[in-house]
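Below, each structure is written out as structure tokens.
Next, two complexes with chain A in common: one pairs it with chain B, the other with chain C.
So, the complex of A and B:
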């Protein structure tokens, strides 16, 4: 629970450090800017601005970087909603319902929903961190390789099975992503699928692949269309619509709380992070909904779940960073770099010796979330004008940004080539009804799944009975089966009961 | 949407794509297994490829059975937008990326932007060139000057 003395010390520390507040608004704007440009990630923004914190004190430095983190978390939702291009890997599920809303002219509402879900999700994440930072640090240590493996498989299976395409297509698409993630040097030092190219030794770069699968393939489909929103009367950007979306999200506190809680818990697991939180919360919201068939077609509940979860996972990932000194993802890895830059080492000892700083970080981040609400409204008002842009001009611009951005990420031509190759594969997949999202999730968790599988085998000596002694693994496996079986059984019965579909219908 | 009636055609594209993916999965898994020095090298890949191939063959089987059951039935055909503009754009993008190491991001982006606009029906030369110059210069300079990223260029 909360250490009251340290909590009060944290409040006075924040009150006496004005620099900690001055750096937050620029940090949020930088995060929003980087997050909203496909190809530029939050971790790039944090890394680029890490040297700027060298001459700051520890607290302002970390709050500046977490402001970039918070702003970028929502910034990624803007292109996901407006262009079906997740600005960051943690906005993949945001595009599922956000983009269909934008296509039918509800872009302003969708952005408003996304903003409130992000803000409240961040608050939920940090509130949970405030109350549990001491005890969760003990629980996270109990997750071993078998538990992490089941979590990774769960991530792929959920998205492969719970989509509008057939289960077989979902599984095949998920496997494609997993296999792509294994290209390059293995942990054991074997070269796989590199065709002898030294550029592929590090594997297929994830962000360019993500841009290709989501953005390029969708842009190819939009060639020939004039605007994202076909109906000119719907191409309106107004504060009224943004505010209506914001109140729509605020009127669903249970969904916000569920997504936020899931995100915080998943974010606390090292290596899993916001990407899986975003997808898992979306899949859960779809499963629990009375209208699951409307998900993927512009259901605001899907957007609320996805955005609240990826934002709250930031608080969750801070648990492992502060309590264990382990970064949960790329963003927290940069934060760990900032810790090192200021000669601070995260971990149980840091929490024990500096509870006031820990609480100051948590309270500061909660205040950042509220500031994001104000800064974000202005930012999304400007971003909303994307629907007024002619696709004839926008498609080449976004494509050049994606190519240049992917080169910036990899530092060589592997990035742009990956964008083109995955864009073409993604276009073919969309054409024949394969869910591209399942491939992207497979790509994101494939490396982790392989590492944990190998470690599980080494620990168990290949004996499957080893799982019987791990109750958390068994519980996670039971949850996995419970979440997937209803859809599988339903799909089998549905196929028997209905005539076959038209062969030209992509499904 | 305009519709017409026609016989159900064989889903050739879908079947070929599924079979091609299955072949790629099999080729990759075989290659990894053949070169493996231990079980950990293929522990994930071979079973995953097996599951993927099974799923893809199920898709092919389902498609063929559905087609066989409905081959004599006439159905309302949905408009299928031509893939030609998308294919041309993909080709242009591939040429752009292939040309970057030779002509740099500045000239490459300029040519790509101009040709992409032309491909989408724009015929006013001053719009094409103005758009290409402004956008390519802005993006390349943004990355080089503001973000400090070294891009290969020819003119800038």
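So, the complex of A and C:
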């Protein structure tokens, strides 16, 4: 489990490298800043500051970059809660309950909850990493295309859990998302839905689409209102409220642990990572809750699940990076670049030969999480002032940031056009009671499911008997059926017994 | 009064070619007097971007003008390439291109540019080869061993493909054509997920870039069967090249190069060619190339132009033989 000798070596390594500690707070602040501005992303921040690490030793360099990663992970929660803008796919579920809380005037509490959930989620993720870094990589490797296909299909079923509208509207919205995900050059080498435009060859960019569906459509909705929080007496920024939110989150250790461990495990699956982890943890929290109907209306448990899961998925994605040398996402890809800059190659050999450095990285990241608690409190105190800003000023500022930021993400006009187009579609969908969350989930997992299907077909030669030899696929398939069937049967009976619920949208 | 205007015009007309000539001379002497924009068809962080930044830093030091790397990823670099094709050929907008420049012609019906006619090739930065890897539990003593093994499999073997339409995809097609093995391509979105499935033993073999393959081979997570270069690689001389087993195996390279829009002043092209060659032969340039399993190259702009013409034809032949349908 833990190599005690290397663990001690790691502690002394950290103790003897003061530079490693000096770079962490600036890294956290950079991360918080980039993460909290819609359109700027953590991976942009890490790429921008990558050259600065040239002049550092390996350990401080990596700790600096992971500090940006950690800070940015929580930074993304701020616009999700305050403005309903998930800046990354990993904070989509944060907005579901965080934003309704902010609208109710509980913004400070929501930010406090998010901070504690993030910090503890990061700790859980790295704690798991500490114990499993030697063995989990082998487990992750056993997931091939057929296993990933089942996981992707399970991802698609999240649409049903996240859907609060009627079943037909939820399915329609989900299918829209899946259809959007098919635009571009497919995994089978076909070009679809591009109308001959080179700009659509790589498909609809996911992050600008997310910003459009959630943020732009919400901003349209807010037109006519004067402030985010209607009641002026609640438009306050108070440390007491932040602290009360923090203690509220800390009083739910089981929920934190559940979200954190789900995030770490799902985050370790390359490619799926953080974008599904937060949705899956949210869906689980909702299903297990005694009052699932309050989810999407500002239930702190939903926020805790989402934030603890997306933070711990950072530790999960570090598993594949350290153990296999494979980046699971854009952020870890930059870290891999930093490894190369310092002539270090991640992978099993790196772990075998340098266990002290690996442990130092893990322990350093856990310490970062605790530093984030302090830096973060100050940061969210400032962020809380958003409620005092008149919407007349804020809507244009945020719209401009979102559009400009999406240009930075795609490097061409596809980003801004996507924001505007999906913003209009999202606004119409909300108006007519279609759940935008279902569309976003379809967009996120649709392309993945198709790619894995193509690969499964190719590897098996189209022979269904192939999966009989893949016990993990069979086990995952059984789990999928077990989790879906009772709900299907249950809802059939419930629909007969009760009148259909009135349509409304989450978030 | 009526005569003066035409006469003035005549004088102007006579002077025009002269001043134009003086103009170009002055341009070549004064170049560069303003910031140079290096457009890259790949995102920040990858190998092409690293090459661009190396060139940018070197040029900025040599010329004492700001040199900007402008990442415009998308559509297999064709968005960036189109932007440079339509730019002024004044030497201030240049393209850092990679293999897709010559390959896209074989993949797409309507490229908005011609990879040969619309460009002034300047300098070939580096050529890279790939390594044929097998999954960790399949150890072969030679390429012939692998071909024998494949022939015994009733359903053939699977090839992981790191990116449809990439040079690695074309290498896979070419290998299947030349070796006549029964192989199925398993397409992935990029090299990293393909490698993950190789070391997880979900696919049998794959062509991987040198930089990504080396750590796996060293740690034993994958086995190196052969290299695609015509001769063994200097830093990997125990791995045979494919043409030691398959004679006449046609060589193709992945490459990185610097190009400008068509119609650039030859004097500027020549000057850039010499300076960029020097940059890539410098310590950090050579280091960068070595990490990718390549060595600095010293060829003229004309030779690079000929290379591009040939490369377009090479890929076309492979794509046609592999029944790649243009999109």
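Keep in mind that, in the parts below, the second predicted complex is superposed on the first by the 483 of 507 C-alpha atoms of A that agree within 3 Å, B and C clash if a C-alpha of one lies under 4 Å from a C-alpha of the other, contacts with A are read in each partner's own complex, and residues count from 1 in each chain.
Everything below uses one rule, namely that a contact is a pair of C-beta atoms (placed from the backbone, for glycine too) under 8 Å apart; a residue touches a chain by one contact, two chains touch by 3 or more.
It should be emphasised that the depicted structure is a prediction, and the values quoted were computed from it without experimental measurement.
Participant: With the two complexes overlaid on their shared chain, look at chain A and say whether chain B and chain C clash or fit.
Facilitator: Overlaying the two complexes on chain A (C-alpha atoms) leaves chain C and chain B fitting together cleanly.
Participant: For A:182, select first, second, both or neither according to whether it touches chain B, chain C, the two together, or no partner.
Facilitator: Only chain B is touched by A:182; chain C is not.
Participant: Is A:454 touching anything from chain B or chain C once the two structures are fitted on A? First, second, both or neither.
Facilitator: both
Participant: When the two structures are overlaid on chain A, which partner does A:190 contact: first (chain B), second (chain C), both, or neither?
Facilitator: Both partners, chain B and chain C.
Participant: Could you tell me if A:294 is touching chain B, chain C, both of them or neither one (first, second, both, neither)?
Facilitator: neither
Participant: In the superposed arrangement, does chain B or chain C reach more residues of chain A?
Facilitator: After superposition, B is the partner touching more of chain A.
Participant: Once chain A of both complexes is superposed, is A:403 in touch with chain B (first), chain C (second), both, or neither?
Facilitator: First partner only, chain B.
Participant: Just to be sure I read the superposition right, which of the two partners does A:171 touch: chain B = first, chain C = second, or both, or neither?
Facilitator: In the superposition, A:171 touches chain B alone.
Participant: Of the two partner chains, chain B (first) and chain C (second), which one does A:354 touch, if any: first, second, both, or neither?
Facilitator: It touches nothing on chain B or chain C.
Participant: Which value, in Å, gives the least CA distance between chain B and chain C in the superposed three-chain arrangement?
Facilitator: 7
Participant: Where on chain A do the contacts from chain B and from chain C line up?
Facilitator: Common interface on chain A, chain B vs chain C: 187-188, 190-191, 454, 458.
Participant: Enumerate the contact residues on chain C facing chain A in the complex.
Facilitator: 43-45, 71-76, 78-79, 82, 108, 110, 112, 155, 158, 164-165, 184-189, 192-193, 195-197, 199-203, 211, 214-216, 218-219, 221, 291, 324-325, 327
Participant: Using the touch definition from the top, list the residues of chain A that touch chain C in their complex.
Facilitator: 47, 50, 141-145, 185, 187-191, 196, 198-199, 201-202, 270-271, 320, 324-327, 333-334, 337, 340, 345-349, 410-412, 414, 451, 454-455, 458-459, 461
Participant: Can you check the complex and tell me which residues of chain B touch chain A?
Facilitator: For chain B paired with chain A, touching residues are 8-11, 13-14, 17-18, 21, 25, 28, 31-32, 35-41, 43-45, 48-49, 51-52, 55-56, 58-59, 62-63, 65-67, 69-70, 75, 77-78, 80-81, 83, 85-86, 89-90, 93-94, 96-97, 100-101, 105, 109, 112-113, 116-117, 119-122, 131, 135-136, 139-140, 143, 147-149, 151.
Participant: Within the complex, which stretch of chain A touches chain B?
Facilitator: Where chain A meets chain B, its residues are 48, 166, 168-169, 171-172, 175-176, 178-179, 182, 186-188, 190-193, 216, 219-221, 223-224, 392-393, 395-397, 399-401, 403-405, 407-408, 413, 416-417, 419-420, 423-424, 427-428, 431-433, 446, 449-450, 453-454, 457-458, 499-505.
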